[in-house]
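Before anything else, here is the set of structures, which you'll find just below.
Both complexes below contain chain A, partnered by chain B and then by chain C.
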Partner chain A sequence: MRSNRVLANSRLNKPVKKKWISQDAAWAFLLLIPLFIGILLIYSSTIFGFVMSFTNWDIVRKAEWVGIENYRTLAEDELVWKAMRNTLYFLIIAIPAKLIIGLALAVLLNQKLKGVNFFRLTYFFPTACSVVAIALVWGYLYGVDGFLNTLLQGLGLSKVYWMDEHNAMNSIAIMSLWGGVGYIALLFLAGLQNVPPEYYEASRVDGANRFQQFRMITLPLLTPTTFFILITQMITVFQMFGENYLMPGPLNSTLSIVQYIFTEAFQGFRMGYASALSYILILIIFIITIVQFKLQKKWVNYDL
Partner chain B sequence: MDQANNSPLKWMQYVLLYGLSVVIIFPFVWLLLSSFKDNIEIMSGNHIIPKNWTFDNYVTIMTEIPMLGFLKNSLFITVLATVGGIFASAMSAFVFAKLVFKGRNVLFTMVLIVMMIPGVVTMIPLFIIIKSIGLMDSLWALILPSWTGSAFGVFFLRQHMMSIPHDLYESAKMEGCNPFRIFIAMYLPLIKPALATLAVLNFIAHWNDLIGPLIYLNSPEKMTVTVGISYFRGQYVTDYPVVLAGVFISLIPTFIVFLFSQKYITRGMLISGLK
Partner chain C sequence: MKNKKLISLVIVSVLALSMVLSACSSSTKTGGNNEPSGKETTIRFSTWYGPGDIEIWKEVIKRFEADHPTIKVKFEPLEWDTYWQKIQTQLASKAAPDVIGMHVGVVYGYAEKDQLESLNSYLETGEHKIDELPESLAAEGQWPKDDPQQYALPWHFTGGALFVNLTAFKEAGIEYPEQGWTLDEFTEAAGKLTTSTRFGFLTPSFSMNAGLMGAFGTEPTTADKLHSNYNSPEVLEYKTWLHDLIYKYKVAPNPKDVDGKVDPFIAGKVAMSLGGAWNFPVYRKIENFDWDIAPMPTRDGVSKTYAGPDMLSLPKDGKNKEAAWEFIQFAVFDDKAQEILRNTGLPMLKKDLADDTVINEIAQQKPAHIKLFLEGATTDGVGYAFTKKFFEIAKLENDADVKIMQNPNPDIKKELENLHSLVNKEFEKK
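Let's look at the complex of A and B:
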């Protein structure tokens, strides 16, 4: 891909004749109008939102400048901390589970088995479904007298209160594992298929067993994939909304950051406050991404 | 690596893979079967297969709830937003891939930076803009913003246009075609697979959108399927087979798109890293 780009660029730059340039620029200007409006909107919104975060704007009354008041309130807002804790908790239980099960699945799917295509499609299907459909179905499955509890009782176990204060976040994590693991497996599978088969052959000649091969060849060569998954999943989790909004546990036990921003902005109309929180969220995502990129030098292996 | 086909290990692997398929498919099967039960049966236990099959839930949903309207709205938004958005992205991608002008690299970098700005940041300001131009409670509030094209779309399609030999562009130019014609007649057809990938991703994203309709739409006759069904969950708390029938209907287009374009979906999601 990269060499292609370089090639195209060098071809592009050389044979262009002078008289086309101005014409090109005119066409470029014309064809870029929609995109230009789009980027302008996004950049100006980003700045606008930042300015708004220093006001007490509530849509109805005129906004007043309140300085860093919103940010100070945020730091003392129990619900903000609750949402942060919920997010961190979800991060810690859901992402390792997704990574491990996804990797195991990918290894299974990377073999010459009958019906691999069927499995891949099945595992992947929930990724295409709306969170609303998934949350509604799982909400019923999780009911106190719902299917899952009937199943547990049938097995001689006791009922689980899936959506009570203590279990609700775990239940959402299970649902998200169910819906997302196929996608993670697919990403790992793509990584596995990039491992040159000669590596395995050579190591077999050297007498390595399958476990050693996995540890010494597969895992190191999958680190870039793992890194990609880790980054994108963390960013996704920090912006969780649908699951939490649709399956609210009692006492804010599943409140997420974006859900709190949403309710503050569109139900409480505290636009300034919500903007401030969204900026804190971006800051967190930004820092985590930077830290991840810094840390990757320690464990991500880019040379094949 | 390969043992005989019926070694215990192979066997165990099949058990795992089939077992997991059952776990993944089960909620969908449960959903479908439960939508054919009546309310009394649903309340009386959790056997999976209905004893008295009934189609009433589907009748209820089509007659008492504006389900058809929801579907129409969703389709309207999804199709227009997808087609317009992809056209704009492709057009911009073409400009960045083939046209030479001052400031191209700066502008393209600005597009790439947009990809890194999370949607939460622009959510509130965009709401205010939409509100101030009078598009609240209008389907266009969910369509027009897509028509600017997306940063990811531009980036993705540009990669594909770059891989088309530049001589093609040169020779068309020599024959006096203007860039827009070259784009429409040559480049669009040449990147069809990439367009399809992007189209499928966009279709799914718009069809499943939750936060957009929640923010911009109010009246029931403007609602999309996805949000509509979560609304009448409130109305029909005690009659949940009706809700399940709605959920099932909302998944049919997803399923169809998925089946017919799975290779594009897979490819698209792999590169975008979304979800």
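Let's look at the complex of A and C:
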């Protein structure tokens, strides 16, 4: 009996060997490996790109350090400024149009009407289409003898040169609006459905009409959604490539920044210069996003 | 115990991942043997493709492998844009296929970067000689122009022909033009062919300008292909003449009014048009009117025809150069390959060009006057901006043409001076 007690005591006093890693943690590490490798690749190429922006690397020959030469050159490059102006122009016309039309569509799609789901699907459908397919179809619509001009001439109006240097950017904006407004409407629709109905009931009791309800309740409570759309759409516009690449206007009238980066990198193989351009683009997006986040405090309402 | 298992699992996973990654690296061992004799060698062949090219190349490869049982060819066709992006990175990482398709407009850029193997020694010791090809076609694969080395060989050639709507000619009471007809006669014919629904001629864009600009005695680049020639008086005169066809003689449409989605020649909207020989298979399907090709107009007795071969090259860092050369030799010089390859282009070997059976076979399918075109292309053939900046010059000239040809009152001299300066800047870029 005594000996058993001694044995038990000795077991209790024996220091327990600590596991250096728990089983759960080991599993977590294992499952995180692919993600870690992915992140490593992204960040290492980001750093590599930054270093490359100070070289004249052309893929073939050994890179030479050129200091800030690439950054100096891009400041004097007319095409950089042209691409910048084009991108800003697109930003100014396309985003407000998408916001206004997207909101109007969302309000309509929020009605309790028979068959409203069909309309929701119809307006969202272009969002699921490939940009290549969209550009192909709109290319035919915008042709000099295309569908739109045939329609205009049938109505006794003169034809429009949709893709000339004056109209090409607007035409791409219309195409982009058609392709993307369904997604914006969907986001607004989700926002509208999150507005508590009590606010409308209370305002009705106070005698507010539909317009007043929209202005004083709906719009303020949609500002977080609007803010999200603004940020994401702005980044999308700065990264605009597919539409412009597939439907180029003459005289660089639709050249976007990313398109120019692509041309320099994969057609001219001036990787150093393209990297410098990429870093300027990142900087612009970063600054505008910071400004938007600062300003949002003044106009975004999370409650009434 | 469980932890040990888990750690082993982690190590095995990492090892497996690194094996996968290493498999994705630029290992290019295909045959491993540098000589075609004895052991089986597999070579890789990549090129861009147009309509019908893939089937044709597959048949050529089949015939080559039957003739060369120790060499297998792995065919890697790519779309035009993808091809030029991929080939550059493959060459840079020394992982390029053993035989690569080469465009006449860019071969010089690759040769200058020392990425292509000179074919001179192969031609000296090989069973076929360069003089089996017309000089003008062989010259397009040579660089530099003052001390040329052969870096590419043509596998077929294409060119720019003057397509004419014979039905419209007949309706307008115009005879099929004689060899040597002048630019004035051409303009007059274009005038007669112009009706309320049709223009006589469509002004050409970029390389299709070659023949007519050649008749004016000039080219877009200097003889060394390293400088712009756009500010020469001859180019000014040529572009002014084209502009006059639109706004003074009113025999050609404003290019802005031409729908790029529809070929205006097929649509019957223009009666004469400069187009690529690659249009033959498509134009053979035209049923609304009869068509042919006509001799290029002349000026002061000078006539030029645009000609440009599609070529094959050996990368400098190729792993199976001897076997790859066997394949190039077969494609370029062997009848078994050429009788297929000319289906998407034109015959190019001197012996084929002199063979009436070969020429008549094409003439029967249309265009009837193919011989006239082939003679023009091989005796007075001219390229267009075939330099290391071909694509960049194309973009710049097309932009200048928008400003000149779409504007009734342009300052043509100023636009050409501007184009000249932009092209030279492009040449200066590394």
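Quick note on the criterion: the second predicted complex is superposed on the first by the 282 of 304 C-alpha atoms of A that agree within 3 Å, B and C clash if a C-alpha of one lies under 4 Å from a C-alpha of the other, contacts with A are read in each partner's own complex, and residues count from 1 in each chain.
The definition used in the following text is that contacts are C-beta pairs under 8 Å (C-beta built on N, C-alpha and C of every residue); 3 or more make two chains touch, one makes a residue touch a chain.
Everything quoted here is computed from the prediction, not taken from an experiment.
*Asks:* With both complexes overlaid on chain A, does A:Ile285 touch chain B (first), chain C (second), both or neither?
*Replies:* First partner only, chain B.
*Asks:* Output check: A:Tyr260 vs chain B and chain C. Expected answer is one of first, second, both, neither. What do you get?
*Replies:* After superposition on chain A, A:Tyr260 lies in contact with neither partner.
*Asks:* Scan A:Glu165 for contacts with chain B and chain C and give back first, second, both or neither.
*Replies:* Only chain C is touched by A:Glu165; chain B is not.
*Asks:* After superposition on the shared chain, which partner residues are touched by A:Phe269: those of chain B (first), chain C (second), both, or neither?
*Replies:* So A:Phe269 only meets chain C here.
*Asks:* So, A:Tyr140: does it touch chain B (first), chain C (second), both, or neither?
*Replies:* Both partners, chain B and chain C.
*Asks:* A:Phe188 contacts which: chain B (first), chain C (second), both, neither?
*Replies:* In the superposition, A:Phe188 touches no partner, neither chain B nor chain C.
*Asks:* Going by the contact rule set out at the top, does A:Arg61 touch chain B (first), chain C (second), both, or neither?
*Replies:* second
*Asks:* Applying the touch criterion given at the start, work out whether A:Pro250 contacts chain B, chain C, both or neither, answering first, second, both or neither.
*Replies:* second
*Asks:* Going by the contact rule stated at the top, is it chain B or chain C that touches a larger number of residues on chain A?
*Replies:* B
*Asks:* For A:Phe90, using the defined touch cut-off, is the partner it touches chain B, chain C, both, or neither? Pick first, second, both or neither.
*Replies:* So A:Phe90 meets neither chain B nor chain C here.
*Asks:* Is there a shared patch on chain A that both chain B and chain C touch, and which residues make it up?
*Replies:* 21, 27, 29-30, 34, 37, 140, 145-146, 266
*Asks:* Write out the stretch or stretches of chain C touching chain A in their complex.
*Replies:* Residues 2-3, 6-7, 9-10, 13-14, 17, 84-85, 88-89, 91-92, 113, 115, 256-262, 391-392, 398-399, 402-403, 406, 429-430 of chain C touch chain A in their complex.
*Asks:* Using the touch definition up top, name the residues of chain A that touch chain C in the complex.
*Replies:* Answer in residue numbers: 19, 21, 23, 26-27, 29-30, 33-34, 37, 56, 58-61, 139-140, 143-146, 161, 164-165, 250-252, 266-270.
*Asks:* For chain A, which residues count as touching chain B in their complex?
*Replies:* Contacts found on chain A: 1, 4-5, 8-9, 11-13, 15-16, 20-21, 24-25, 27-32, 34-35, 37-39, 41-46, 48-49, 52, 105, 108-109, 111-113, 115, 118-138, 140-141, 145-147, 150-151, 178, 180, 182-183, 186-187, 190, 200, 210, 228, 232, 235-236, 239, 241-242, 245-246, 258, 261-262, 265-266, 271, 274-275, 278-279, 281-282, 285.
*Asks:* Can you list the chain B residues touching chain A in their complex?
*Replies:* 1-2, 10, 13-14, 16-17, 20-21, 23-25, 27-28, 30-31, 34, 45-46, 88-89, 91-92, 94-95, 97-102, 104, 107, 110-111, 114, 117-129, 145, 147-151, 154, 159, 162-163, 166, 170, 173, 178-180, 183, 204, 207-208, 210-211, 214-215, 226-227, 229-230, 233, 240, 243-244, 247, 250-251, 254-255, 257-258, 262, 265-266, 269-270, 273-275
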